[in-house]
Amino acid sequence: MSNKLTHEEQEALVISEDPEHPANLISELCREFYKLGWVTGTGGGISIRQGEHVYLAPSGVQKERIKPEHIFVLPFAQSSVPRPGSKRDFLRIPSKKGLTESQCTPLFWNAFTMREAGACIHTHSQHAVMLTLLHPRDAQSFKISHQEMIKGVRIGGVGKTLSFFNTLEIPIIDNTAVEEDLTESMAAAMEKYPDAPAILVRRHGVYVWGNTWEQAKTQSECLDYLFEIAVKMLLAKLPLVGDN
Amino acid sequence: MSNKLTHEEQEALVISEDPEHPANLISELCREFYKLGWVTGTGGGISIRQGEHVYLAPSGVQKERIKPEHIFVLPFAQSSVPRPGSKRDFLRIPSKKGLTESQCTPLFWNAFTMREAGACIHTHSQHAVMLTLLHPRDAQSFKISHQEMIKGVRIGGVGKTLSFFNTLEIPIIDNTAVEEDLTESMAAAMEKYPDAPAILVRRHGVYVWGNTWEQAKTQSECLDYLFEIAVKMLLAKLPLVGDN
Amino acid sequence: MSNKLTHEEQEALVISEDPEHPANLISELCREFYKLGWVTGTGGGISIRQGEHVYLAPSGVQKERIKPEHIFVLPFAQSSVPRPGSKRDFLRIPSKKGLTESQCTPLFWNAFTMREAGACIHTHSQHAVMLTLLHPRDAQSFKISHQEMIKGVRIGGVGKTLSFFNTLEIPIIDNTAVEEDLTESMAAAMEKYPDAPAILVRRHGVYVWGNTWEQAKTQSECLDYLFEIAVKMLLAKLPLVGDN
Amino acid sequence: MSNKLTHEEQEALVISEDPEHPANLISELCREFYKLGWVTGTGGGISIRQGEHVYLAPSGVQKERIKPEHIFVLPFAQSSVPRPGSKRDFLRIPSKKGLTESQCTPLFWNAFTMREAGACIHTHSQHAVMLTLLHPRDAQSFKISHQEMIKGVRIGGVGKTLSFFNTLEIPIIDNTAVEEDLTESMAAAMEKYPDAPAILVRRHGVYVWGNTWEQAKTQSECLDYLFEIAVKMLLAKLPLVGDN
């Protein structure tokens, strides 16, 4: 760990009266996501990148009870890009015993480096998981069109918003035993589907990113809405693409 | 913009300690609507007309985080009735950078001018959208009868309340790529169905109005209840009209 | 109106710092019931009888926004038992313009007089309504057995609690155009089914009562749970009675 | 009752400004569980064991309205292990009239003695009950695999966390007329299935435990998520085990 900040400097990175400070936002948004059923049982979370700082929640804790002092801060410019099992540089590690940084760290970094995202959200939403379960085992992606909520989603998650008549396509990748091991297949899917605003993970959940935390959050809401209505449509045997 | 008010006069239009001031109400109601799943991902909203003033939320923002200072105020008497792409007169434009008035503006005006409504609510409720999806592609309207909740709905949205034995009918119009472009088809449907208290938009949501914000809200709740139970009834193959 | 109390005496009937005062409880419980989807769109409510006083919410208002000063107080001993259209004696009528007492008044009185109940709750819960819709048109009652939640329900709503092996039976009566007109058929069903803890109203909702507001509320929760799971069981073609 | 503490010493057992004091936690968590639909109508609850003290909620009360002063405190070392109808030793009995300790007491003790658990949660979640109803009458257990949320569950509830590729198995026992009478069959199931992190009770609910209240709660959330998605999968005719 290359941390050379004093204790006071480290605390100043996460303690702020500004409700829009990333450490406050992560705590507040995780409480909201819990109410939506996105982060129950310690799963899921959000990372925010602000300039050269990346803010991360701890791994394996109750997400709705996170406090700003539990937040990790990392320099965006790492000695080496986070990979499964790699060593990471930190600016701040919470003093509370036993906390480790989110296991999603290298997956969040995929969004930061490949899409220049400012925030990345990971949920275990049942709508996302049921959607992957209702797709054939060998389906490579989920597609939907002719839904107003598609208009809230940006091309590649960070470009122009989609039109009502566009078909939204989101790749589905297989789950792995260890969360970090999704890093490469997520990156490969992001390369193969440059317009996709998210990655679905079969039997697991979804990763969504955006230019800012606001865009990452509103896109997560639009996509979760689309996953939910797509599940209902599939169960009612309605086609997801086209305007029949 | 024909705005001739001073900055202080403009602020006085939206800053009030009265919780029933339209700028406070819009902020509070949008938070409530978010919890109901009506305005996730920046979609949906509410406009209130009070005498000669119309209060509008901004376009494309998180509706549950709107503050009174984000509210637009327009004179109800416009140089020309708002149409898609038309220029609008404002009494107050929020100073926060990048805010534009709701894209639903000309649709809200339909309710204000054609029904003399005091408020109009737009939701992306999944119950409304699923209901349109479960109707045949060429269905012109949704009909339901023999439900207690019908009694909470007014004829044309602003007249006498319906009876338990009345059949409620709500037209369904097609969605368009740009929200404002719904203006004409919504107006045409309101003319063709003068008793309808709302307009359903296929694959999009619903517009509901009332004499006051209270009536617009309670009617939105009654209608959303009816949309939800109608979806359940259709999936269970129960007829929507009649008392079998 | 036989009211002979001074204005101060009338206000003292509903203004209290005790959170368990009926006027405070009705306001608080209606907010809770709103969150449960029981009283959306002005429907439903609760009446509490405390000794010789009956506390009632107004008719046709947003139930989640009721304040103690909106509450009606009636003497339990009325000149004549409330019937549809009958004149009622009041101890307090709210000063806010346009408020009238709940249209459920004579139905609540059924519970107070026929079961000596201390509180009666009316909901428009969709679980109750869907349950009546999934029953044959000529079904006289709903029956369920072998559910733990049956144990939270009392015989006749006010007697001993049911056992896991008892069959719970709740009569279903037809809806009427005017809520008050349910008075006689509800009373007839209560006579025919003396052990029933509630009355289901087809395409409308349910009336539940108890010795106290706590018992009326917990029994409403147990019954709503049973209505919900019964709907799921019927849709999954599982029998409601027996332990197969 | 072997209680030899003074009134002040008894009160000191439950009155604390520390939000993580068991008496405060039980009150707060029951409010949260109510929102999740786990403890409606007085059903369900949580017991926390901290060192030599066991904290219990009262029986048959509204769980979302419990206050710290309603909490029972028992010595973990009892004269005799709690059995149905057995006499229990108390350190503190709430002074509020009519309160008796939770009927789940001997069931909680199963978790404390057989698994050395630090907390045990009982819910009436409809997902748990529907899951038992969708299993054949003679099914001995519920099994599921290939779900990310399995990774939040520990072997036997208190050991190492399960892997994505492990099959989670939870025994299903029959319900009894009196809650305490589940004690023996629950213990027998815990012996037969030493790796099971919970016990499902047919037509009733579930018991979940963990080393700490945090683990009991997050495991309850993971399991409830799995029960819910398993119900959806069974209704959609998807296999629960395997990765098809």
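A, B, C and D are the chain letters, set down in written order, and residue numbers restart from 1 in every chain.
By our rule, a residue touches a chain if its C-beta (ideal position, glycine included) is under 8 Å from a C-beta of that chain, and two chains touch if they have at least 3 such contacts.
Every value quoted in this text rests on a predicted model; they were computed, and no experiment measured them.
Under half of the residue numbers at the interface between copies subunit B and subunit C are found on both sides, making the touching surfaces mostly different.
Centroid analysis (C-alpha atoms only) places A farthest from subunit C. As a whole-number value, the distance joining the C-alpha centres of subunit A and subunit D reads 32 Å.
Remark: subunit B and subunit D have CA centroids separated by 45 Å (rounded to whole angstrom).
In subunit B, no residue touches two or more other chains.
In terms of which chains touch, the assembly is arranged as a closed ring, every chain touching its two neighbours and no others.
Inter-chain contacts, as defined above, occur between A-B, A-D, B-C, C-D.
Those residues of subunit B that touch subunit C in the shared complex are 146-149, 152, 163-165, 214, 217-219, 221-222, 224-225, 228-229, 232-233, 236, 238, 243-244. Subunit B makes touch with subunit A in their complex at residues 40-43, 62, 124, 126, 129-130, 133-134, 137, 175-177, 201, 203-205, 235.
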